[in-house]
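Submitted below is the structure of interest, expressed as structure tokens.
In this document, chain identifiers A, B, C, D and E correspond to the written order of the chains, with residue numbering beginning at 1 in each.
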Amino acid sequence: MANTAIAAPEREAWTARLKDVGFWAEWAALVGLIVLVIVFQALNPTFLSAGNIASMLVAAAILIILSVGQTFVIATAGIDLSIASAMTLGAVAFGQAYSMGMGLALSCLAAIVASGLVGVVNGVIIARGKITDFIVTLGTLSAASGLALILSDGKPVTIIDAALLRLSTGGLGIFGWSFVIAAVVAVLGHVLLFHTRFGTHVLATGGAAESATAMGISTQRVKIAVYTISGVLAGLGAILLVARIGAAEPAANTAFLLNSVAAVVLGGVSLFGGRGSIIGPVIGALLLIALVNGLTLLGVSQFYQPLAVGIVVVLAALLTRFQR
Amino acid sequence: MTNSLLECRNVSLSFGNVRALADVSLSLRPGEITALVGDNGAGKSTLVRCVSGIHRPDNGHIVFDGQEIDFHSPDDARKAGIETVHQNLALVEDLTVWQNLFLNRELVRGFGPIAFLDRRAMQARAREMVSTLAVNVPAVKSRVRRLSGGQRQAVAICRAAGFSSRLVIMDEPTAALGVQETARVEELILRLRDEGHTVLLISHNFAQVMRLSDQVWVMRAGRCVGGRRTSETNGEEIVSLVTGAAGQ
Amino acid sequence: GPTVSTAGAATPNVAAVIKGLDNPFFQTMKQGMDEQAKAGGVALTVQAATSITDTTGQADKLNGLGGQPFTCFVVNPITGTNLIQGLARIAAQNKPIVNIDSPVDPGAAKSANVKLATYIGTDNVEAGKMAGQRMSELVPAGGDVAVVGGIAGDVTSGARVEGFEQGVGTKLKVVQTVAANWDRQTALTAATDLLRAHPDLKGFFVANDDMGLGVSRAIANAGQAGKVKVISVDGIKDALEAVKAGTLDGTVAQYPYAMGLMGIEACQAATAGKPLPGTVKSPVELVTKDNADKALAATPKPFGTYADPFKSLIQ
Amino acid sequence: MANTAIAAPEREAWTARLKDVGFWAEWAALVGLIVLVIVFQALNPTFLSAGNIASMLVAAAILIILSVGQTFVIATAGIDLSIASAMTLGAVAFGQAYSMGMGLALSCLAAIVASGLVGVVNGVIIARGKITDFIVTLGTLSAASGLALILSDGKPVTIIDAALLRLSTGGLGIFGWSFVIAAVVAVLGHVLLFHTRFGTHVLATGGAAESATAMGISTQRVKIAVYTISGVLAGLGAILLVARIGAAEPAANTAFLLNSVAAVVLGGVSLFGGRGSIIGPVIGALLLIALVNGLTLLGVSQFYQPLAVGIVVVLAALLTRFQR
Amino acid sequence: MTNSLLECRNVSLSFGNVRALADVSLSLRPGEITALVGDNGAGKSTLVRCVSGIHRPDNGHIVFDGQEIDFHSPDDARKAGIETVHQNLALVEDLTVWQNLFLNRELVRGFGPIAFLDRRAMQARAREMVSTLAVNVPAVKSRVRRLSGGQRQAVAICRAAGFSSRLVIMDEPTAALGVQETARVEELILRLRDEGHTVLLISHNFAQVMRLSDQVWVMRAGRCVGGRRTSETNGEEIVSLVTGAAGQ
């Protein structure tokens, strides 16, 4: 039969997999991370000290959370350019609620509601209005940062709260609480994407929206849901951000936007949708954080850091070239 | 037309200024294979999409199993027992065979309010579906992207046939298939009928239509221009209806 | 200074273009302007760039205002030259231009025929120098210090850092300079990494207060509070409080409030046809734990006295 | 015949076109621009004064040039995220060349070569490496701004040159020289895209790369060419930027990136490639500039401007929804 | 096989571990219609893509018009006089009919070193091509996206037939077509032969193959398992070759 060539055994042997270039490509971010770790450790032994690992993990927490949200959006072939602005708005909402004396729990809720609303607005406009994700989220990027400025009157609010301080400084061994939260989010995201009906529908919407519709999946509802997830996670990121810097600021946070997309793509998720992974983007986020940390530890000049980041991103992407 | 499973009465649908369906009336008897033929662009696929809930007719009624239906989504149609093999197959290339087979029909195990996919069960059932239908498809865990055109068509047919549906609609199921594959699909269609399913078959292959169907409806330029019992007609008459050579 | 007269405009109609309003420094500047405008019955329109790096956006804003019937312009350019084009058009209409904070490049002004009515501001190099001198007092000679700058390549940051290096001279060793994009979170992460890379680090110079607060947080997180000194520049309220609380070891306060206020005063004087002094130094004060209370009580105004040559002109 | 319904008359009557919602959608940016102009003019009569129009046109020049470059890239279904960084690098190269005393002409050449090289590198990596445009240009975004910092040592170079000053302040009536240059670029871009074989191949590459390949078009060469065009135009933008702000700075210019993409999308060009227009993006760029100018004239608070920009972008995009 | 326009000798090609072509040898006589048949996945389209310059064989030789060829791109093949109607049609949906017809063959008017598209000339020629071939296609200025499946196939065939090529390859040109459209394409194929073109036709429709071709080659699982003069064989023999029921 002509077809037998395709009917491969269901489980390829691990040894065979290791020889397959496609296998390495799927784990490009991991390969890149390991290479970086080896290089940095060789050049500066403090890199793998417990203290430095702990601070890298904490520094990565917010980016991991945003990347998980971004992954859901990108898996539906969308992109959330407003993710960092939504976080800013969430942080400002937190600050306003807190300074009005609403207490920690309500302030956290305010952050999540504010950021979540940005997500809902994105989702509804994209799904109902049938406009390209890129331009809608570009619009809400601008609108959300404007709202943050208006709400806060452009001023940061200093937040001094014992519980928040513990959140940002305490932890389990080398795992700071914020990293623990990020890890829980990643695990939940993985389960949601690969072990529920909703996750399958997300992938189907991204892979072939028309086919998904023909099978009775409401791609509109899926779109609204993923943007809401992305917004809510931005709100969670906002809480961690406020805890981390001890203030709620209307700052732009643009770096978080580009880094969240870079983490997802380095994690092997296609921007064309339909394929997803949570562990990939998480490793992608760790890679980006480790890179900057290592370069700083090595005392690489500030001027050479962007160049190094650019080169590593392209090299890691070259690895993913062999995917599929 | 008293005893019919599906009946379309004066169904019309326009896209902008393209009148894709104009007062189409036809009916399907239960347990039969009904064929629908017509030129390219005659409106066959559009009619199918109306019945399977993708489009809603501008005018007219569709009666399924004695009840007038008004599907708001393909999901409604599937729930009512209408499965469709679309002309474009409606597969998601990046998902696996089993995921496609169970798309929007996923089996879940619930823990309280939360339901997780039952991957094992779906894979086992998928293997079964695939082997019962005896079509040569590859491992259920491989992505559809890796399948050849014929294999894809087989998966789409499996999906439609695998669930206990009342009506199975197949829009040109053998267009891209080789002789052997075509023979298998034809066997499957006959088997579906023998198991009591009603089948609506769209095909440009008149020999196939004459071989399989009990009833033929002919569409031309958005209209249904006639219906014949297959046993009472012949290829030439159908061709003349399709081309409009026959007076109506 | 040059005298500029506008045909009998009784109440001045002032337009001001300043840097990004997303930074408290420039908000305080605007506050000074607003309050003086209110007090003096001056009609005032303030526009700001989208961000502290938005050179062309700021130029567009000035051009937008330049065509309208304002009688006097107050500008705080992001770079020495980015507003030159719009200023040339305003100068051609013979309207007075008051330059505050960052100076317009004299060479560029000359070649574009731009005459400034006056310049009011502080030298960022000077501010950095004050921080450097203070740092040399706080840290034992020969100690390692690190510098956290704004966006790599930013002019203001560059000038402050340059001043700091002049201020510490050879007494301290600047081991590393990083760019933290004027962002508190980035500064926190960078400072954490720097503390790890240089366990002997004795102090940080940070190019603005917002980042300075992030750095002091990093030091606290690393359990080095008090052992590693932090000095930043700006003098925003939160920073003064931090100085008072001891988490920040000093801030060089530049009093944007006074700059804004004097800018409006200068416009009032110019509109009244008074001759203006060419350059006016706005106050700079080093705030330490000792004078933090005074500074806080006076903020956003300077706690000390300073010379305001415009006061007498508009009386 | 069933097919006759499709065989529409070749030229639809203009009156019929005006009734067609799709027609309005294709001109969404123009409709938006006209609405804005009417509103602003009603609220503030200086808006349409010759002086203000002149300054808007000059302000739009750089954005128009970048948008033309971005249009070519987007027409091949790519995206050039490095366009603003390439401009920064070009500006810095100009500054270095000028301060070395190489004279105006050679400095301009240096700017174009430096930015053009970024484009070539993008094109070669994307075409030969077969990596997604998004991640490659994200990498070169970082790398080019790093190079700009290294080259300039992070310091701006003040450029005082009579010819450059004339370029940025002189002009033909209300058309400043820089706008004249932008208009020439736009016309050349239109001719290239719609009246040469290359332009057809660009659209074919974006529309269906596989089909284009089957017809013997080298999609790799097309990709390299469009990124080179984008880079060279970034270099031209760099010269105008230096002329405008009178200095060569290593600043990030992020706003130009997002605005160039927004202008293209508002101009009705699909991010999925295969369709193009030069007049659309030009009008999109004018729309964005007029919006900020009008808000400034009206004295709208700084904090409300991002919100207004976001809302207008989404509304204009809603208009394009009816396209096709 | 002395007098042959195209000759493949031991052509092999693998994709990863899928051996798509294994030592395929066959030849086409000039001025004849040669058919190539075989199951789904037998390697027919892959062979076509080797001949038309999309793939390069791993091994073996292809001789066209007496000369061994080594095409580096589809452009080389088109320049040598080989036009192909690919199974996926290779149309650009967002371009117009005339732009597709002249894709990478655009007519230009030069002004010195600069050449501008001659839109008028191309549109006129396109209208001519379309009407000469008498296939019912819409206005040459409408985008291909607006065309029905059958109309698209017609455009793709027009493109291949419209240029003075030596060899026209058609990969399942009538798969999606209705009876009338199929009849037109068959007429066209015969006309091409009568005008002296050589035609390679791939089809799953054996009746069609028997009706049109002068020679039939059969592929199975990447191999060429036999060739027959059409006049000396019959449908059953071909089927048995395709399925492997016949001893080789």
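Methods note: a residue touches a chain if its C-beta (ideal position, glycine included) is under 8 Å from a C-beta of that chain, and two chains touch if they have at least 3 such contacts.
In this text, all values refer to a predicted model and were calculated from it rather than measured experimentally.
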For chain C, the least number of touch steps when starting out from chain A: 1
Steps in the shortest chain-to-chain touch route ending at chain D and beginning at chain C: 1
Maximum centroid distance from chain A, chain identifier (CA atoms): E
Chain of greatest Cα-centre distance to chain B: C
Where chain A and chain D are represented by their mean Cα positions, the distance between them in whole Å: 29
Rounded Å distance, chain B centre to chain E centre (Cα mean): 31
Centre distance in Å when chain A and chain E are each reduced to the mean of their C-alpha atoms: 48
Centroid distance [mean C-alpha coordinates] between chain E and chain D, Å: 42
Residues of chain D whose C-beta touches two or more other chains: 1-3, 6, 149, 154, 254, 302-303, 305-306
Overlap residues in chain C, where contacts from two or more other chains coincide: 21, 51, 152-153
Per-residue multi-chain contacts in chain B, two or more chains: 38-42, 148, 150-151
Residue ranges of chain B touching chain E (in the complex, touch as defined): 38-42, 148-151, 172, 175-182, 204, 206-207, 239, 242-243
Complex contact set, residues of chain A against chain D: 125, 129-132, 134-136, 138-147, 149-150, 153-154, 254, 258, 261-262, 265-266, 270-271, 302-311, 313-314, 317-318, 320-321
In the complex with chain D, residue positions of chain C that touch it: 21, 45-48, 50-51, 53-57, 59-61, 63-68, 79-82, 84-86, 88-89, 105, 107-108, 111-112, 151-155, 158
Chain E to chain D touching residues, read off their complex: 52-54, 73-78, 84, 86, 88-95, 99, 103-104, 106, 108, 114-117, 119, 136, 138-142, 146-148, 150-151
In the complex with chain E, residue positions of chain D that touch it: 1-3, 6-10, 191, 194-197, 199-201, 203-204, 206-208, 210-218, 274-275
